[in-house]
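Next up: the structures, one after another.
Consider the two complexes below, in which chain A is the common component and chain B and chain C are the respective partners.
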Partner chain A sequence: MIEEPFAKGDSFIHNIDPRLRIAAAAMLSIAVALSSGFATLLSALAIAALALVAANLDWRRVCGRLLVVAGFLILLWLILPITHRGYPLYSLGPVTVTREGIMLATQITLKSFSILALLIALVATMPVAALGNALGSLGVPGKLNQLLLVSYRYIFVIEQEYQRLVRAAKIRGFQPGTNLHTYRTYAYLAGMLFVRASMRAQRVYQAMLCRGFHGRYIPLQTFKTGKQNPVFAVLTLSALVSMLYLEWT
Partner chain B sequence: MHISEGVLSAPVLASGAALAAAGTAVGLKKLDYDKIANVGMLSAAFFVAALIHVPLGPASVHLIFNGLVGTLLGWTAFPAILVALILQAMLFQFGGITTLGVNTIIMALPAVLGYYLFGRLIAIWPGKSMLAGFICGFGAVLLSALLLGLTLVLTGESFSIIAKLVVLANVPVMIIEGIVTAFCIGFLKKVRPEMLPFSTTFSPDNST
Partner chain C sequence: MHTHEPLIKLDGISFSYPGGSPVLEDLTFTLSEHDRIGIVAPNGSGKTTLLHIIMGLLTPSAGSLELFGRVMQTEKDFQDVRRKAGLLFQDADDQLFSPTVLEDVAFGPLNMGKTKEEALALSRKTLAYLGLEDFEDKITFKLSGGEKRLVALATVLAMEPQVLLLDEPTAGLDQDTKKRLIKTLSELDLAYILISHEFDFLTATTDHMYPMENGKILVDEELHVHVHEHAHKVGAHPHRHV
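And now, the complex of A and B:
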């Protein structure tokens, strides 16, 4: 099942205008990605953690999502300390662990978790439909926006179609293994998904024309106004300024 | 295939974003309003198909299908893949904001190349479309892995071993992707040839 685990809620973050949240997440993420000082990165991690607290999400789910990056980070930790040139800290036969290598791996780890936490706290806390509307009013081209909304509307339908095809295969005794038969079955299954998607698209487009579609979706929800928006904007700007200050001093 | 957040250097991230914006602009220009439903739907199917895990010995790998998407969509694969990546970021948090451009290039550039190289091959070698499909699926993942490795190497010399490991680790994925894409193109050729590019088959429901 595809779901949006963080989109619903009534926290401080959930009540902020989506446009502000997207702008804040983008600016803060870019600032994190471009920084290298440890003070900056630690404060970025603290800011991201505060945003997660303010979004009041299910901690187990958040941790689960953050752990997705752990695999690549473990690979980095295994390799970077011994391949990066620098001051040797520890030698074991031909292998030398360098201080610079460990510092680089730490930096990357901090950045990775901060940027993902910001995404979860600020952007994943809105439904994709709200994201589409917000992106539209932030100047993203209309066609891209419509593509996003159509795609979002139908991933759930197509996923159900996929589950139906898998069920049908199972009923016919299909057991996946490492063999050509399995790969052929999955290929036909995926092919059928593409065929049905394309046929559904024709019906949907005809239905859209029948309803007088001429190039714009009309959003039902409006952006929330209130005191929380200027408060959030000030908090974001001060976070950004303090990160820039720490990076440059 | 995603590059993680926080790894790449600023010039790599910025040039990835700029190239992705350019590719998306070309794709959007080629995308007429009457095709939005079709491309959006295929982007959704691409998103779902990337959830398919196929067994490989004791482990499993998930399919990518960027070669096939490129063959079906041409330049509009750029916005379609960007949209699928945005949806992955929103729903699963695979990749964040700063790597969106780089990840779009890694996936979409091989897709568009696949369209120009193998879309035509499928059309002119009617008997060998399965072979063209295999090269298309294999080549697209190979190119994606090489692009991913390139972003790492451009970021810093010390990443070169990791870059090599990433490419090597993806070799089994390339082979499986090639096999699956070959069968998939064979299937589409039989069931709905008009979905494949440069096809001259007349189809009653496409004629309107």
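And now, the complex of A and C:
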């Protein structure tokens, strides 16, 4: 089971209808991804930070998640400034740092953090079951939706099966090396894992049928209908409009 | 003596997996109201297959199946029946697929068309009945084996079935959980078929016990368990009782 550390809470964001939150996250993320002006990107980062504050999340956990992306960004910062063509800022032997390279890296950094923070604040704050349902009512096909929910539930079971197979190989003295025996063993492991996963999927589906499943998950959560939904919608739209305004002027 | 309506009536059921020898052969069996039947079957004797046929998950190659007074033919027939018959799977992990216990227990009632409030009330009641009040928000994946089995039973009971089908419910359980299961089953006013190897458990929970062999349930060979003591001159030697 994947933990959902942000899903529980009673903040302003937690009480917004999930459909509205997903729509807002999608629109804002697309706007951020397509923008290039620094004023737009900085305001996007500010909006995302505000959303995080409104969701009232555990800061240390949020930072932990943001740091994961920081790892990738460091790689970008190492490569982009010296490989991108443009006005040279600084030279060291054959290596030249360009202004355009630094600007591009900064843009990507701002975009990544804004989008990630938005998704944490708006989407990670709902349980996956609610996410599935909201996606369903937003018109995402049922099969895709079930795929999401069921893989979410069973990724850990498959991982456990894998660990079990690896253990079984280890206790019989299997040591991986670069030889045909190793490759063959890994091929068996992978094959076995697929077989087991598909058998398991079949049994789970049968169990679901036995409990009256007919193709649609029915959510247990109910969301308060109150003033917060229209307020949130207005806030989102004004954020979107101001970003578009900044980008086009 | 009064007669009871047959709930499950199997007549001449045969089944074989593709390319395999027959698992069930001309199996005939009837379960009536208030029947509590134990079936003792060796591994691979087709007991799980039998339960899956009753639930309509597998289609027999021959024979007729009558559930709650109706002959079963199409998937649609079975969809109605699945609300009345609850199957407890051999592996509880297959049965629990929602993030939290409460959601999992409410899954069946919601599918039956109950409102959220009704489904929640029913789920809480079932969990309380099984002594699992504090489990509502627990993560199904993190439960112990025994807890998983009890929660799986709760998911089945929450649908208020008329018949229970239990596939080796004691497999891998400790003595305490077994005792809880025995207590629960003897308090339930439900007809059930229970498959197990454990005679102690079967004697405590069922009224009749039949062996299953060669793809048939041998109703004529009811099993009786008794304890006997006797002395042997050479008692330390292994010996057979027939």
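Just so we're on the same page, the second predicted complex is superposed on the first by the 198 of 249 C-alpha atoms of A that agree within 3 Å, B and C clash if a C-alpha of one lies under 4 Å from a C-alpha of the other, contacts with A are read in each partner's own complex, and residues count from 1 in each chain.
Here is the rule we use: contacts are C-beta pairs under 8 Å (C-beta built on N, C-alpha and C of every residue); 3 or more make two chains touch, one makes a residue touch a chain.
Bear in mind the structure is a predicted one, so any value in this text is a computation, not a measurement.
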> After superposition on the shared chain, which partner residues are touched by A:150: those of chain B (first), chain C (second), both, or neither?
Replying inline: both
> Looking at the overlay, does A:211 come into contact with chain B only (first), chain C only (second), both, or neither?
Replying inline: second
> Which of the two partners, first being chain B and second being chain C, lies in contact with A:220: first, second, both, or neither?
Replying inline: second
> Hey, is it chain B or chain C that touches more of chain A?
Replying inline: B
>> Quick one: is A:59 in contact with chain B, with chain C, with both, or with neither? Answer first, second, both or neither.
In response: neither
> Looking at the overlay, what does A:110 touch: chain B (first), chain C (second), both, or neither?
Replying inline: first
>> Under the stated touch criterion, which partner chain does A:26 make contact with: chain B (first), chain C (second), both, or neither?
In response: first
> Touching A:128 in the superposition: chain B (first), chain C (second), both, neither?
Replying inline: both
> For A:90, is the partner it touches chain B (first), chain C (second), both, or none of the two (neither)?
Replying inline: neither
> Of the partners chain B and chain C, which touch A:245 in the superposed model: first, second, both, neither?
Replying inline: neither
> Intersection of chain A residues contacting chain B with those contacting chain C?
Replying inline: 4, 128, 150, 153-154, 157, 200, 204, 208
> In their complex, what parts of chain A are in touch with chain B?
Replying inline: 2-4, 25-26, 29-30, 32-34, 65, 68-69, 72-73, 75-76, 79-80, 83-85, 101, 104, 107-116, 118-120, 123-124, 128, 131, 141, 143-144, 146-155, 157-159, 162, 176-178, 180, 182-184, 186-198, 200-202, 204-205, 208, 215
> Along chain B, where are the residues that touch chain A in the complex?
Replying inline: 4-8, 10, 13, 24, 28, 31, 33-34, 36-45, 47-49, 51-52, 54-57, 63, 65, 68, 72, 79-80, 82-84, 86-87, 89-94, 96-98, 156, 158-162, 165, 176, 179-184, 187-188, 191-192, 195, 205
> So in the complex, which bits of chain A are touching chain C?
Replying inline: 1, 4, 127-129, 150, 153-154, 156-157, 200, 203-204, 206-214, 218, 220, 222
> Which residues, counting only chain C, touch chain A once they are in their complex?
Replying inline: 52, 55, 57, 79, 82-83, 86-87, 89, 91, 93-95, 97-99, 102-103, 106-108, 110-112, 116, 119-120, 139-142, 155-156, 159
